[in-house]
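The letters A, B, C and D name the chains in turn, as written, and every chain counts its residues from 1.
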Amino acid sequence: MKNTPSVEEHLEIYRKMLMVRHLEEGLGALHKEGRTRGPIHRCDGQEAVGIAATAVLEAGDKVTTTHRGHAVYIGKGMELRPVIAEIFGRETGACAGRAGHMLVADVEKGVIGGNAIVGAGIPAATGMALSMQVMGQPNVAMCVFGDGAAQTGICHEAMNMAALWKLPVVFVLEHNQFGLTVPSDVQSSVKDISIRAAGYGMPSEIVDGNDAVAVYRAVGAMAERARRGEGPGMIECKTYRLEGFSTSDMGGYQTKEEIAAWKARDPLKISRDALTADVDEAKLVEVEAKAKADVDEAFATALSDPMPQFAIDEACNPYSEAH
Amino acid sequence: MKNTPSVEEHLEIYRKMLMVRHLEEGLGALHKEGRTRGPIHRCDGQEAVGIAATAVLEAGDKVTTTHRGHAVYIGKGMELRPVIAEIFGRETGACAGRAGHMLVADVEKGVIGGNAIVGAGIPAATGMALSMQVMGQPNVAMCVFGDGAAQTGICHEAMNMAALWKLPVVFVLEHNQFGLTVPSDVQSSVKDISIRAAGYGMPSEIVDGNDAVAVYRAVGAMAERARRGEGPGMIECKTYRLEGFSTSDMGGYQTKEEIAAWKARDPLKISRDALTADVDEAKLVEVEAKAKADVDEAFATALSDPMPQFAIDEACNPYSEAH
Amino acid sequence: MALMRYAEALNAALREEMAADPSVFLFGEDIGRYGGVFKVTKGLMEEFGESRVRDTPISEQAMTAMAVTAAMTGTRPVLEIMYADFIPLSLDALVNQASIYNYIWDGKVKMPFVLRTQGGGGSGAGAQHSKALDSMLAHIPGIKVVAPSTPADAKGMLKAAIRDDQPVVFLEHKLLYNVRGEVPDGDIIVPLGKAATLREGKDVSLFATSKMVVEAVKAADLLQADGISAEVIDLRSLRPLDVNAIVTSISKTHHAVVVNEGWRFCGYAAELSATIMDFAFDELDAPVARVTLPDMPIPYSEPLEIAMLPNADKIRAAALATLK
Amino acid sequence: MALMRYAEALNAALREEMAADPSVFLFGEDIGRYGGVFKVTKGLMEEFGESRVRDTPISEQAMTAMAVTAAMTGTRPVLEIMYADFIPLSLDALVNQASIYNYIWDGKVKMPFVLRTQGGGGSGAGAQHSKALDSMLAHIPGIKVVAPSTPADAKGMLKAAIRDDQPVVFLEHKLLYNVRGEVPDGDIIVPLGKAATLREGKDVSLFATSKMVVEAVKAADLLQADGISAEVIDLRSLRPLDVNAIVTSISKTHHAVVVNEGWRFCGYAAELSATIMDFAFDELDAPVARVTLPDMPIPYSEPLEIAMLPNADKIRAAALATLK
C-alpha cells in the first residue's frame, strides 16, 4: 500500500517510541524523587502520533508541537541527551537550559519548536509554510496540536489562511480525549474535530492514533499532497493520555476502565505485534535493549551535566547603549 | 407558512428599510458636502438583513452588530433622531456624541451595540446569551456579523462555546461579498461560510438576504429554537453592499455589472413587489412619503442639535482620590 | 479569626458571594470538576451546580469578551484566566471593549465582572508561564487592577471586587497560594484603592505589590540589621493607586524604592516612579529606585530564573544605594 | 532630495527593499489590490506579484504569529496591522512568541520581521480606532519599537527596520501620512535607536514621539514668543531609547517635558519620566512634566476628541509650569 512504512522504517519508529516511553517513565520516577522542576507533560500512550507523523518528514521540513512534545522532538531527529539535559535545565541542553521541557527547539533539525501557549503552534507551522511558499521551497511544515488547542481562535484563523493560500502545511491533531483535566466533550461542541476541515475546504482523515502504521500512512499521504502544492490537510489521530496532564496533576478524572481499555491498545504493543510478522524476536529484543540502554545513558550523562550561569541578555536592552 | 411575517409586519419592515435607505442616502449627500466626520459605513442594499432579522426579536432580546449597523439600530426599535444625532456627534445623540456611528447603543432597547473591532460582536452576543441562561431568562441574543468577521478567531471560540452550552443566541451572517475592499474569496477558504456551523453541531440555513420575508422566516425559526433552549444556529444571508466600504472609500473594486445585477434585486423592490399583493398602492405611497418625511425631519432636528462639552471622566481616574 | 491559606481565603470569598447573590457565576478552564489548577474554586461546582460554575474550552479571547457583555446584562461573572501570561489574549476585550463602554455609552452600563488570574516567577514554569504583565493591565482606563498579598486581603478584596460595578482584574501569585495568614471572620470587605502600611519606618519607603510585598518585608528586616528603618507599604491596588499613601510616606522618609515583579521598561514600577515625580518631587532626597525583573524573557533553568527575580536582597541593595 | 508625503516615503522604502531582497514580502488587510487603506502599499502587488504582496483575511492574531515564524525560517515579512488599536490581537505573538525565542533558544534564531501599524487620534474614528498603545509595545523585551515623525525618517527607518534581524514594530500616525518633507535620494538608512535634535534650546527640553513631535515643534515656536528657548528632541525610537540624548539635553536645560499620545498612567511618558529619574535626577531643577492623553476612552464627537488630545498649547503650558 502506498505510504506504508517499510519494515526498517517501522522498526525505527518502534525504537523511537520505546525511547520516548522510557524517557517518560524515567521522568516520572525522577519526579517522584523530587528531582524535576516545574510541570512535566508526559505523552505515555500517545507516542505513535509524534513519532510516526514526523517519520514522514524530510530533513528540510519543519514541525511545531505542544507542551507535550517529547515524541516530536525525538521523532524529528533530536538526540536524547540534549532533550533530557534541557528538561533538567542543564547548560548542555538543546537550548542551554533556558527553554525547559515545553519549549525545546532544534532549529537545524527543523523542530521549531515546543510551545506552551495552547494553540500557538498552529499559526507557527502555518507561518513557516508561508515562508516556504514565498521562497518556492519544496518543503512542508507540520503542526502537532491537541484537541484542546483546536478550540482556540488562532486555530481557525491559521487554518483558513492555510487553505486559502494552499500552504504546504499538515495539521496533525493529537486527540487524546482531554484538555487539561476536562474531557473533550466538555470543551468541544463536536466529537470528531476534523469535520471542521470541511469548513476550510481541506481534506481530512481520522485514524487510530495508537497504530503507528495508520498514522504514518495518513500523514504521509497528506504531506505528499501538501508538497505537491495542493494545500493543507488535517489528520485526526485518536489516542489517549495514559498518565495525568502533568506531574502536578492530582488525577481522579480518568476512569480505571478507560485507562485499562487504552492500555490494552498500547501503541508499543500494536507496533510490536505488527513487526513480529517480519522481524525475528531476537532482533526485536536487541532493539528494545538498545533503546533502554540509550535512554539510561542519556539520563546519566544529562543529570551530571553542569547548570548554566546567569547573564543579562544584552539583545533585550531597552536603551540603545549599555547602561 | 410558519414564521411568515403578517402583512402589517412586512409593511413595517418595508417602512423601516425605507427609512434606513433614506438615512444612508442622506449621509452620503452630507458627506459630499463635507459635513460628516470620520468614516461612515452605509448599508444600502443590505437593509433587509438588519431590519428583518431584528423584526423577529422581542423587547427583552438583545442584539449586537457591526461598524455597519444602521439597519439593526432602527430595526431593534431606536428612533431616528438619536441615531442621526449620534452620527453627527451631538449632545442629543443616543450616546451623547461619545460613541459615533460605529458604536451606537441603546441599552434599554436591547441594542448593545455596534462594534468596530471586526468579530467582537460575536462573543458579545454570546456573552449576553450566557447571562440569559445563567439567570434563566426566556430571551435570546442575536449577532449580526459580516463575512469578513467570520474569519476572526473570536468567531470560532464564541460559536464553539455557544453550541457546547446550548446558549440562546442566533448568528446572522450578513454576507455582502466583501471584507473592506477585498472580495470574499480572497478572505474566506469557503464560499458558503455557514457550512462551518456543522463544525459546531449547529443548524444553519442560507437565505436570500435581499428578501426580507425569507430572512424573517429563517431567522425567526432559529430564534424560536434558541428560545426553546435548543441552542444556537446560523443564518447566512446572501446580500451585496451597493456603496463603497465607507465614505473614505475610493472604490474601483466592485464591477458595474455586479452592482447592476444586485440593484435589480434591491430589497426595497422585492418587498414592495411582494406587498402589492396585499396592500393597495395608495397605502404604500403614504408609507413611503411618511418614511421620507420622518428621515428628513430627523436630519433637520439632529443637525441643529448642540455639540457636547468635554469633561474628564472621573470613573477612569487612575488614582483613588481626585488629583 | 481563622488561619487560612491564600487559596482558601479566595475560595471562601467566592463561596460567600455566590451564596449571597445568584447573579454571581464563575467560568474558566478546569475550574469546575477539578476545582482549578490552583484549587481556588474547589468544591464550588458541587455546591452551586454546573450552570454557575463552568468549565470552559481553551478560548481566553472569547471568554473575556463574554464576561464583558454578560456583566452588562445582569450577571456578575468571575472569570479565571489560568496564567497572567495569557492576558494578551484577553486584552482586546479589556482595551477595546470593557474600557470604553461606561464612558462612550454615557454612563448607561455597569460592568461588574472580575477577571482573576495569577502571575509571577519562581516555579520553573518557563518563559510563557511566569510573567507579571501588570503594566499592560494598569494602563487601561475604566478598569481596576488589584493584587492582594495576604490571605485576609485576598478574601476581603475579592469580595469587594465582585461587588464592584467596574471591571476588576484580580492578580494573584502562584507562590502566594500556600501562604497562610489570619483572616477575620464574617463578611469582611477590603475597599479597593487603599494601600496598607505593613511596617512603619523613617529612613526609606518600600512600595511593593503582590509577592514583592513579602520580599519587601524581608528586606525591611535585613535593613533593620543594617540600622535602617524602612517603611513597607503594600499598594494592594495598582489602579486606582493610593497616591496619598505614597506621598505621606515619602514626606516622612524622603527616599523611595518601588518594587514590582514585571519588566522594568514601561513597567508598573515606572509609573510609580513617575507618580512620585509628579506628586512628591520636592520631598525626594534621592532618585526613586526601581527594583524589577530585568528586561528579558524568563528562563527555565533554576539558577537562571532565581538570579533574575527581584527579591529581598535586591530591595535592600537598592534601599542602601538611595541612602548613600 | 525629493519632496514626498510620509506615505510615499514609506512606499518607496518598501519598493526598494523588495527589489533588493527577494525574501522581503508583505501581507495585511487590503494592502494588495487596493494598495492599503492609507495607500502605503500602492502599486506593490502589481510590481511584485500576489505571492509577495498578500491581501489577508481579518485574522490579526494568526497573521502576527505567522510573521514570527516566517521570519525565523528564511523570509523578511512586513506585516501591516491596519490600526494600532488592534495591537492587543497581536500581543500574544509579540509577548509570548517573538519576545522569547532569541534568548530561550540560545541565540540560534533571527526574527527579521516588521509589524507596521498606525495609531493616534484626531480623525473622528472613535474609541476603537484612535489609540496609541505605545507603552504595551515598548514593554516587551527583544523587540524594537520605532515611530518616525518625518518623511525622511519614515523612509530611512523603515529600510533599517526591514534589514534588522530583530522584530521591529513600526508605528505610523494617520495624521502624518499626508505630511510632506524632503527625503534624501538613494539608499538612505536611518539607524534605529538614535534620537534627533530638531531644535536646539537652553531653557527646557521637549521629548516627543510620532505626531507629538510636530506639536512639540509648534510649542517651541509658541515658547519662543514667550521668551523661552526650548530644545525639541524627536525620540524616533521608543525602544531602544536613546537615553544619552535625553541626559545630554537635560544637563543643558535642567527642565523636561515628555510628550506621548498614549494614556498617561503606565504610559510611555511614564517610562520617560522614570528614565530621567534614573539617569538625570541631579540635573533636574523641576519635576519632569508629562503631557499625554488623559486616562479615559477617546470620544467620537469633534469638540470632545479635540479637547482631549495633547497638543502644542498643552505642551507650552507644561513647559511654562516646569519653569515657574
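Simple rule for what comes next: a contact is a pair of C-beta atoms (placed from the backbone, for glycine too) under 8 Å apart; a residue touches a chain by one contact, two chains touch by 3 or more.
These figures come from a predicted structure and were not determined experimentally.
Engineer: Tell me which chain's centre, taken as the mean of its C-alpha atoms, is farthest from subunit D.
Structural biologist: Of all the other chains, the one whose centre lies farthest from subunit D is A.
Engineer: For the pairs B-D and A-D, output the one whose chains share more C-beta pairs in contact.
Structural biologist: Here the pair linked by more C-beta pairs in contact is A-D.
Engineer: Starting from the mean Cα coordinates of subunit B and subunit D, work out the distance between those two points in Å.
Structural biologist: So the centroids are 36 Å from each other.
Engineer: Round to the nearest whole Å and give the separation of the Cα centres of subunit A and subunit B.
Structural biologist: 45
Engineer: Quick one: subunit A and subunit D, Cα centre-to-centre, how many Å?
Structural biologist: One centre to the other, that is 40 Å.
Engineer: Using mean CA coordinates as chain centres, what's the subunit C-subunit D distance in Å?
Structural biologist: So the centroids are 30 Å from each other.
Engineer: For subunit C, write out the residues touching at least two other chains, lowest number first.
Structural biologist: 56-57, 59, 61-62, 85-86, 92, 96, 100, 103-104, 126-128, 138, 141-142, 239, 241, 265, 295-297, 299-300 - these are the residues of subunit C that touch more than one other chain.
Engineer: What are the residues of subunit A that contact at least two other chains?
Structural biologist: Residues 98-99, 103, 115, 117, 151-154, 157, 160, 164, 186-188, 313, 316-318.
Engineer: Once bound in the complex, which stretches of subunit D touch subunit B?
Structural biologist: 29-30, 32-34, 37, 55-59, 61-62, 85-86, 123-129, 264-265, 294-297, 299-304, 307-308
Engineer: If you look only at subunit D, which of its residues touch subunit A in the complex?
Structural biologist: 22-23, 25, 51-52, 54, 56-57, 59, 61-63, 65-75, 77, 92-93, 96-97, 100-109, 138, 141-142, 166, 192-194, 237, 239-244, 279
Engineer: Hey, which residues of subunit B end up touching subunit D in the complex?
Structural biologist: Touching subunit D: residues 37-39, 89-90, 93, 97-103, 115-119, 148-149, 151-153, 179-182, 186-188, 248, 250, 253, 307-310, 312-313, 316-318 of subunit B.
Engineer: Can you list the residues on subunit D that touch subunit C in the complex?
Structural biologist: Those in contact with subunit C are residues 61, 85-86, 88-89, 91-92, 94-96, 99-100, 103-104, 126-128, 131, 133, 135-136, 138-142, 239, 241, 262-263, 265-271, 273-278, 281, 284, 286-288, 290, 295-297, 299-300.
Engineer: Give the list of subunit B residues in touch with subunit C in this complex.
Structural biologist: It comes out as residues 62, 64, 95-96, 98-99, 103, 105, 107, 112-113, 115, 117, 120, 122-128, 130-135, 137, 153-154, 157-158, 160-161, 164-165, 313, 315-321, 323.
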